[in-house]
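Letters A, B and C name the chains as they come in the text, with residue numbers starting at 1 for each one.
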Amino acid sequence: MTQQKNDPTLQIKPEVPQTASIWQHHHILDVDDFTREEIELVFHTTQAMKEVLSRPIKRVPTLRGKTLITLFYEPSTRTRLSFELAAKNLGADAASLSATASSVAKGESLIDTLGTLQALGADIVVMRHPQSGAPYIATKYIAATIINAGDGWHAHPTQALLDLYTIHEHKGKLEGLKAVIIGDIMHSRVARSNIWALTTMGVEVTLCCPPTLLPFGLDRQHQHLPSVNIEPDIELALDGADAVMTLRLQLERQQSGLLPSIREYIQLYQLTEERLARAKPEALVLHPGPVNEGIELSPAVAHGPQSVINEQVTNGVAVRMALLYLLAGSQKQ
Amino acid sequence: MKKSLLIQNGRTIDPSQGLDETGSLLIAEGKISWLGKGKETPPQADYDVLNAQGLIVCPGFIDLHCHLRQPGFEEKETIASGTRAAARGGFTTICCMPNTEPPLDNQTTVEYIKSKATSEGVVRVLPIGCISKGRKGEELAEMGELASTGAIAFSDDGEPAPNSHIMRQALAYSRAFDLPIIDHCEDKALTEGGQMNEGVISTKLGLRGIPSAAEEIMVARDLALAQLTGGRLHIAHTTTEGSVDLIRRAKEKGIRVTAEVTPHHLTLTEERVIGYDTNAKVNPPLRTERDIQALIQGLNDNTIDIIATDHAPHTEADKLCEFAFAPFGISGFETALGSLMSLVHDKQLTLVTLITKLTGEPARIIGNKYGKLGTLAIGAPADVTLFDPALEWVVDTRVFASKGRNTPLAGERLKGKVMATISQGKLVYKDDSIKVKER
Amino acid sequence: MSKKVIMNQEDIRRTLARIAHEMIERNKAIENLILVGMHTRGAPLAKRLAANIEDFVGTKIPVGTLDISFYRDDLSSLELQPTVKNTDIPVSVDGKSIVLVDDVLYTGRSIRAAMDALTDLGRPQLIQLAVLVDRGHRELPIRADYVGKNMPSSRHEDIQVKLKETDGIDEVAIISTTVAKEGQ
């Protein structure tokens, strides 16, 4: 018998994480209760979803017969579309309910609206709401699976997961990397979720912002808060960074006395090419979108070679498909 | 002729007389008529008997700060439902705040409260009048008229007295009636939009915070004005370590200030808000363990004079919404004793101190105009509370007499329960297990 | 519980050699063939078959792997989703002859899912099925083109396939879950 040249019996199989023993979530409300293993499972599943997205037919029948409804109390085209596409790519039906100021003014409470969604047969509700904690009410009052697409200042878990996936895809790992988050941390759910997820994965996080926009307690050790560095000087903060995350500045912050002017913010905190050069040469520039060009990012950086902003959008669909897949299952009580 | 009631074989604790002994107590014609030690029985034989074995018998609790919502917000509470809830909590005298609609800034509204309390209430209700007309903080209310109609103090509670000039005048003017000005200490410029204590939990939950400094700034201001005017200041719902320090130093200087703390600020921290439970949303907010320790220390060294519930009922629908839209307030009458007893069981507070802060001390602030309150002395009104210090029970809001079910303690197991309440000689609440034997 | 080994390493090697010869015999245009192994144990079997074919006729046949997690029809009754694995077919499937390779053929539902997956990837000219063991109890009209061994089994029995690449040993066994009667 001839010796096989490449004896297939000798190949070593890579370790595949086992969903059943790792995945703990019935809803996705926040990323602060995701274990490291769960986040790695999300990455693994996202990779499979990216493969589906690379096919000529970007569709699999996994969630056939399920209905996903997006309930957005804040306008957002890209996140809403991202979820709807993720659902459709998995064969689910997607519909959207945008609760505008007028329906709220008419007196239809959140509880009433949730009841309506239940009556309409929603299996999955994706909620974006201007008040922190709103999705938690949903989990108590309807049977559907709830995904938080952003609640007030509190959390935007799917954004953090796609941000981390994007960094991971480029760098091959997260442990030991240095990430800097620049901008209005106080009012940012993207910042909070990223702080939690990045620190869980062993990334060293530095926060760079005007002191008036830094929330209480992050500058000290506490059991409820992760350990981060605070550095208000942007050039010092960027030193040796592998990833730079810039946050959108709400222009109203100046009116509420938190900033003397937008002009000063730009002078101190805008990410320019010159400042970016302080980071590592292959450092990634991320932004949750939409970008205020000329405010948090200079146009050159926004469109430059280190920006992965568009990849974040692509990965967003794949990550959301992965999460929908992991959440689907038998009806929970 | 009404029958007398003998409360037999209980442990009588009356700090006003330095009493702590097993014995019996006879109530006749709405007053305490006889006290006996051990197995002693009264000379006359015509009385019903309530077996108080294993129970503590003490003066009826006095609450210097509560919200009865009537007139104007009867869906949240009425004098009828509120006084019944108070009775279930062992309170025989309650002082209601004037943030009603219309507010209690004139004789007519105070008379209304008094008449409703007489006709529909089951415990003594003493009204608190407004500091300012309409609670607007701009002009002084007619304190003289309010005092003569029956107000026992003045407050714009719900709101602070924001205008320092008005607060100064109020403290000075009230000296004519020797009545305290009760201030809800909050610097509104710092707390606008705030939802909970500003701290690590508010950062974690993404909620705008209410900093401790907002309370301490107004406490300091009010203490300075009390010193300036010589008026009587009472600090409502003290919640921070800083406030306790300020009050302590003020008392050392001889400033005429008294202070209160609520049961929830003594036992619950900001961590209760995790999960966005709107029942834990209260103003001033739940603070930190460190603040709790300072408040307990304050009770023990008499920096803080009394415990008051700040009973603030809301409807279920009111609280069933996004955290930011829910009104502030905890329904506190019916869980007060149970939650406070945890401090006694943990040996942070003695039973005598607890009872003093709920009876003798509030009575001292109110004064004697309505009889000798907060005592079981012979001849005093028969306001008596009986409680079992060790009984474990689960808080079931469905059996509350209050219309307000809004408590973060729903479903919790507490150790210590009011078993019977007697208000002016009448048994206004008793637990099903309490039997009254007729002679 | 009792275990009976039906095929050992040598049995498996001979069977795979025989199947490879059958594939060569039945596919005139062997260069049009793709072997697609179904996770988990179909994948190493597909590799071994391709190695055999290359050994016998010198043609290198492309080998792919297929994950059917997204196509299963029992997802809504599962508590948790199965872990997804790689679908990786290195060439286009259009116009090709695909041989699906799996370790055990049972109800046929996995094969139905696999065919749905393949047709979503393109338009094969032909799909055939090769399995190491056919244990019967089909619930759909599906049959294998190449069978290593027919093992009629009862529903109380479990066919356990172990391969060196995944389990460290080559072995096919029947595990009986009922207690054998006395004297049998």
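Everything that follows uses one rule, which is that a residue touches a chain if its C-beta (ideal position, glycine included) is under 8 Å from a C-beta of that chain, and two chains touch if they have at least 3 such contacts.
Not measured: the values here are computed from a predicted model.
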{"item": "A-C compared against A-B, more contacting pairs", "value": "A-C"}
{"item": "Central chain (distance from its CA mean to the mean of all protein CA atoms)", "value": "A"}
{"item": "Farthest chain relative to chain B (centres taken as mean CA coordinates)", "value": "C"}
{"item": "Rounded Å distance, chain B centre to chain C centre (Cα mean)", "value": "76"}
{"item": "Centroid spacing, where centroids are CA-atom means, of chain A and chain C in whole angstrom", "value": "39"}
{"item": "Averaged-CA centre spacing for the pair chain B and chain A, given as whole angstrom", "value": "47"}
{"item": "Chain C residues touching chain A - in the complex, by the definition given at the top", "value": "44, 47-48, 51, 55, 67, 69-71, 75-88, 116-117, 120-122, 163-166, 170"}
{"item": "Of chain B, residues touching chain A in the complex", "value": "198-207, 209, 275-276, 320-325"}
{"item": "Of all residues in chain A, those that touch chain B in their complex", "value": "32, 109-111, 129, 131-134, 136-137, 151-155, 189, 192, 215-218, 222, 224-225"}
{"item": "Chain A - residues contacting chain C, complex", "value": "2, 4-11, 13, 16-20, 23, 41, 44-45, 48, 51-52, 55-57, 59-62, 65, 90, 325-326, 328-330"}
